[in-house]
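Below, each structure is written out as structure tokens.
In what follows, chain A forms one complex with chain B and a second complex with chain C.
Let's turn to the complex of A and B:
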């Protein structure tokens, strides 16, 4: 058992690494009011460039660091130039979605080049420990501390004494005024993205050395930790981000000391949610500040939905209903069953992200809640499968809404962070709550789909079952959108300040959207559990959340028909063209980026 | 009964005004945006607030409508304290406002924008039961029993009636999304939305900003009509000729403070008012010449 001093040192060192990521996020947020979800991917790139340098090129440590910083910085410049600069005049949702897309593209490229298997990244420093008081400290600890302090100092000098640094600070304070004074905002953005990426890359390298291992799952964790640190410090506050990083490191380290390693992330995300709820402007902001975002301008781009004629809808309904009667292969039916399951998830997300404007990145958690509820009820309490699935939907609606409710007071990017964190919390709870969920072993032997005591045998019957449910949920959702609730949700999305001034309670209507959407997602998860017969904490993951988001953007935000068309397109087409699984996520990411850039309203338009 | 106001009614209204502000103060850091404002607004009165840009007029509106909370002071509506209540609660108490920059719901049709204005008047579909109320609301919205349908139809008819007050400006565009409307039409939609709330108190923040002289005259006629119907109105307006024609009283603000109050004529010749405007370089506002529309 190590001493508390060891945990403190460990916390500070890890905190230092978080701070490096968070400072970059804070700089970017400062000048462009954007939370860069691709920051973790650049950190991943840094770690792998470091691996190439250390293991294959055998560069000495200083060269490794410079190489990583330069390469990562370059990636940052490319991201800014080609990913974000074209979106400057778009609706605020566009850059948010773009950084999400970029992060997936970068992660997948790294994964395709280096394979997803973990690799050892050896530290290039001698492995000795010095006794300090009751604990020990190694040369790598000292290096990390030195890199942290040096970069903070360099950044301070840059912002304080360099002309471009002044421009960065001026832009952060008032973008319009800075532009009128002749500041080249594009250059400022470039500088900031370059610096942020270089810091992020070096952080990735050092983390790899610290744990002596790198893998592609690091990216999402790094984004989350960096964002947590940044939000604790107050979005856009550079010294706050350093303090936030150190605080996060300490909290995690002490949490691990008290409860064990598997609770590390749980502490980080609970800290995030409490800060977002109690002090959304960060620990170091004065109590009452003007809202962090401008009060005008809508979050999504205005557009008019494409009206599908009734005959076209009925024809499509007829064709898809009769499809199993034609000589189609079971493979096609399997693919479409999958599309209908994603269709239910997309219906849920298009309501939440599109109709009421809460871009959820943790939507797969709703699937997981529905799946585990339905699986456990049918296994342990012998509920009939049909009833168990409905209970899964209800549980998802209730628990999902309860979990997400702390984020109801948040706006824009913060909602995405909070939902991402809540999604992670759900999967961590599933992993750690072994007495109920069987932890990492998962649940096997889930009874197959059955209806009124009759098992659904064969692809055709499962196909009809899932198709009927997705159509039913879609019709219900159309009815909801046509009611006063539909118009209230859209009003809240377009302008929540004006909506409140006309008596709309944000909590009430966001909750109703999540209840309705949670039910659809829970049903989808429940059906999936009985189809797969085995689920574990990784069955429903962030990739599904991102796929669902891409489907929703492709179909058109809030567009019910679009959600289903998008599901068939994004789930079905890769199957038909037999695209290998490892390229699919890459394609989803690229599709998302292209849509945001060239057709932000999607195929069928925003409703 | 409308139109049977007794001679004594004005006196009793003065005894218990509809809106009362006492010592209302709001500070932003070192700046006091609203500084100890006192104001009484009687039932059926139209009071205008004028003052140079940055005088604190809109902040005052935000304090009255709950979008911002005062650091000190009190707001009373019909004798009851409403200080610091949420905007949605205040909307339920009959306060409606328009916004300086025109905040319509861009992706909603003109009709839906007006129907949102009537949100606080929904009864059949919004049972006021705690906890299960929202779930019942969801169920009723999906099932749509006859009472809910009737209510929705009635509100739609009313919304059409409200839109008809703007002549043929809005009615032909009733199903268009609001983002496609001209600037002036968006201001009209905002006012239509506010009227759909059937307000006890209407706050108009520069309703004629960005309108040409023709449109301005039209808007002035509408406001005069609303006043004649007995609506209590608090108006922020830069165009002085409108203010002088419509207002029962005028309040002048500068640097967050109330520097003058009285009838249009009294205020216009007040040396403090002239100084406030001249001091800010807006000499034209103090002369008889109306400001040209932007």
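Let's turn to the complex of A and C:
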């Protein structure tokens, strides 16, 4: 019995850390309806500024905290002023993408200045331990809890009783109306970003001290857990974020208690999915509350797509078909093979995200399902590779649609978070279902690509194979979009209430889109498995999902040609920047930011 | 190594004399371009720290190789391409390397998915993929162009089990492992060996490599009532587990795999890693001359910094590559054959190292049993803690 007390205490301790990040995220979401993917990076900046203060300058703790808060707050102001404010009139999706770009840039700058080696960040509090249950807690645990609760409380009071706080809330409810009433919306945004960033920086400092360890990989983890905690508590709800963080910590701890450590995150994400499905506004939202998300149509900017003339398309097709006949290196072909593989994934995502408006952040899971299905069928049941890949596509279509179906009722950001969670769940199931997937050992010796008994091993033959498939899938998708189904899908995206009033069954059309999209992504995963010959649970990770989304937004949501152009651009750019070695991801992030800034509707425009 | 050194020295000086005799015409006809190696590894992304450590080891080895006259008179250089340990990028890099005639040998990648995805390309093109951190049992099965100096876990884990069970006298073990291909393979070998020595494994917990909170895991461990904790971890997660184990009140003996061997483990773990036992392939006070040369050279080059295991792996790999090139020349196929010919190359990890031609790996890594005492790694004196 005493163990349960320990599990509870441990859950609360770690939940405390999640809450700290979630509060900052909630604050920003509350005002600008934006999931700030750069919050984790500001947390990282805070941790490293704290390291400089503690280890180099030897400042006492209160000074350290003030210093970190000030510096991180400044970074927040800069991010808001130069990264996000220029985007306020573009579609909601643009700032979301910008925060991803900003997080790349900040993470890379920290990595370049401080090297990627982990560092110790010693706690400056006296090392006294209090016995609680079987374990002990230290003064830092109490300080973290105090900072979390106090900041949530202060923010709550600020939003309720302070004039600027009213302005913040007014802006959150209706930006235009607030402006009409004379609220300086920019100032409000700035204040919020400053506060959230200061809080984020201090969280990074405290968590770094707690573990006596900081490294540049902590940023993405913090963002992921923070987002989960925030959504559980109800996006934009500051006290809810604290409760969400604690609940998340508890669920993880009990999950470990019942099933073992390797199931830990599984429970976190299952909790998230159930909250999203059962109470999409979060656990602490009142039933009367208006949905905080605007109708999906405004999430994606309408724009006039660039119509590529037929001759240009045919010329491009011709050039790319004949390319291997010219003296190009196998390296260029391999890079383009990667681009075609990502092109298939992007076609899938541009359909569900662009055409239907279900912005998925877990698309790599579809790759993984296709890859594992195809690899296992060809290895254990000796299916011919071609058939195995098609089975991979079908499995991905079926399983992907089934997994996503509970979240069909969600909109906007919530779909993204639900799909993010589903992606993580798929990866964790692959990791834990050892009898089938071989768990972390992965599957090796997957036979190479072959077609009708001929092995495709040369770069040129793989190139033609993947190019043919991507063109085929693209043509199919163009046909689909031109039919009545395509019109219905866009109608659902633009106004789902109106679409339903016209008698469209939303769920069926969404399922249709996911079936088609799942197939394309599954094929891409299947080919990748045979190309790599070895896959494990890390082969298809969250970074690939984020990259796929970036490609789709860059190309123009819903735009078939855009998806392919985007893939070539975003797979090719980091290769071109190779010369810059350590700096290349930094440059990539900056290029991404510039693209979002000057062409938020994507290169070819949304359709 | 000493033999080869002397031989190559003789060869090198002979070549120099010949070159001097024939005048500068030959030198003009063939400018002394360095022999180029390709390195595929993480310089950015979540594993960037390991790429940075590789570079330190490579550069130190190169300094020494050049001081000793290079490869038969030619310089050696490497082209480090950042793969972020991502299979998608490592296959593109593989194509780049195989189609670049200047690259005679490839080193890396870091993680198994990235390395093994690129293996088919190297194998078909006939360029040696020399993976020196690839402990995945199937890595060298990718073909006869895959060679590895990564310590086989089938070798290493029984040594750790011997230390924990026979020497430290632990009978009921809790095993915590990184849930990766490396951690999982290691755990299986360890558990088998430990059982063979008569110990009981009361609980095993696999954790995700970037987990930071282990308190609840440790409660599970406590409830299983072990008398020792075995950590199959890297230094950063190993330090976190040790700290939190002490915080939740676990006082059992901790025994860790050699991968925690790093000055960072002491820095990150602080007082909590005091009395942690670990096996290691080398340590700074090791009297072997190759270790003294490595540690001394490293400290001089990097401002007093202590090298760690990953520095040693990359240092050895570069020296091994140099030894291979001295015999194999610059022909890719001859280089593959040279791997089977080199004999007793002096290395930090293995001592005199010779490849087993069947498995294309090296057996018999060195082993020392260390313990952390007063914040330093020290040879274990046989006293229980």
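Here, the second predicted complex is superposed on the first by the 500 of 607 C-alpha atoms of A that agree within 3 Å, B and C clash if a C-alpha of one lies under 4 Å from a C-alpha of the other, contacts with A are read in each partner's own complex, and residues count from 1 in each chain.
Definition applied: contacts are C-beta pairs under 8 Å (C-beta built on N, C-alpha and C of every residue); 3 or more make two chains touch, one makes a residue touch a chain.
Here the structure is a predicted model, which is why all the values come from computation and not from measurement.
Asker: For the overlaid complexes, name the partner, chain B or chain C, with more touching residues on chain A.
Answerer: C
Asker: Which holds for A:187: it touches chain B only (first), chain C only (second), both, or neither?
Answerer: In the superposed model, A:187 contacts neither chain B nor chain C.
Asker: Examine A:584 and indicate which partner it touches, taking first as chain B and second as chain C; both and neither are also allowed.
Answerer: Once the two structures are laid over each other on A, A:584 reaches chain C alone.
Asker: Classify the contacts of A:135 with the two partner chains as first (chain B alone), second (chain C alone), both, or neither.
Answerer: In the superposition, A:135 touches chain C alone.
Asker: Touching A:498, do we find chain B (first), chain C (second), both, or neither?
Answerer: first
Asker: Would you check which partner chain A:160 touches, where first means chain B only, second means chain C only, and both and neither mean what they say?
Answerer: neither
Asker: Which partner does A:476 reach: the first (chain B), the second (chain C), both, or neither?
Answerer: Touch partner of A:476: chain B, not chain C.
Asker: Quick check for you: in the superposed arrangement, does A:490 touch first (chain B), second (chain C), both or neither?
Answerer: After superposing on A, A:490 lies in contact with chain B but is clear of chain C.
Asker: So which positions on chain A get touched by both chain B and chain C?
Answerer: none
Asker: Which of the residues in chain B end up touching chain A in this complex?
Answerer: Result: residues 28, 65-67, 86-88, 91-92, 96-97, 99, 101, 103-108, 112-113, 115-117, 119-120, 122, 125, 134-135, 137-138, 141-142, 144, 152, 177, 179, 193, 197 of chain B touch chain A.
Asker: Would you tell me which residues of chain C are touching chain A in their complex?
Answerer: 43-46, 48-49, 51-53, 80-82, 84, 86-89, 91-92, 94-96, 98-99, 111-113, 116-117, 119-121, 124, 136, 138, 141-142, 176, 179-181, 183-185, 205-208, 210-217, 219-220, 222-223, 236, 239-240, 243, 247-249, 264, 267-270
Asker: Taking the complex as given, what residues does chain A use to touch chain B?
Answerer: Residues in contact with chain B: 290, 295-296, 298, 300, 302-304, 476, 479-480, 483-485, 487-488, 490-491, 493-495, 497-505, 508, 511-512, 515-516, 606-607.
Asker: Quick check: in the complex, which residue numbers of chain A touch chain C?
Answerer: Residues of chain A touching chain C: 3, 6-7, 10-11, 13-14, 17, 108, 111, 115-120, 122, 129, 131, 134-136, 138, 211-213, 215-218, 220-221, 252-253, 256-257, 260-262, 264-265, 329-331, 333-335, 338, 341, 431, 439-442, 444-445, 448, 457, 459, 528, 531-536, 538-539, 543-544, 571, 574-575, 578, 581-582, 584-585.
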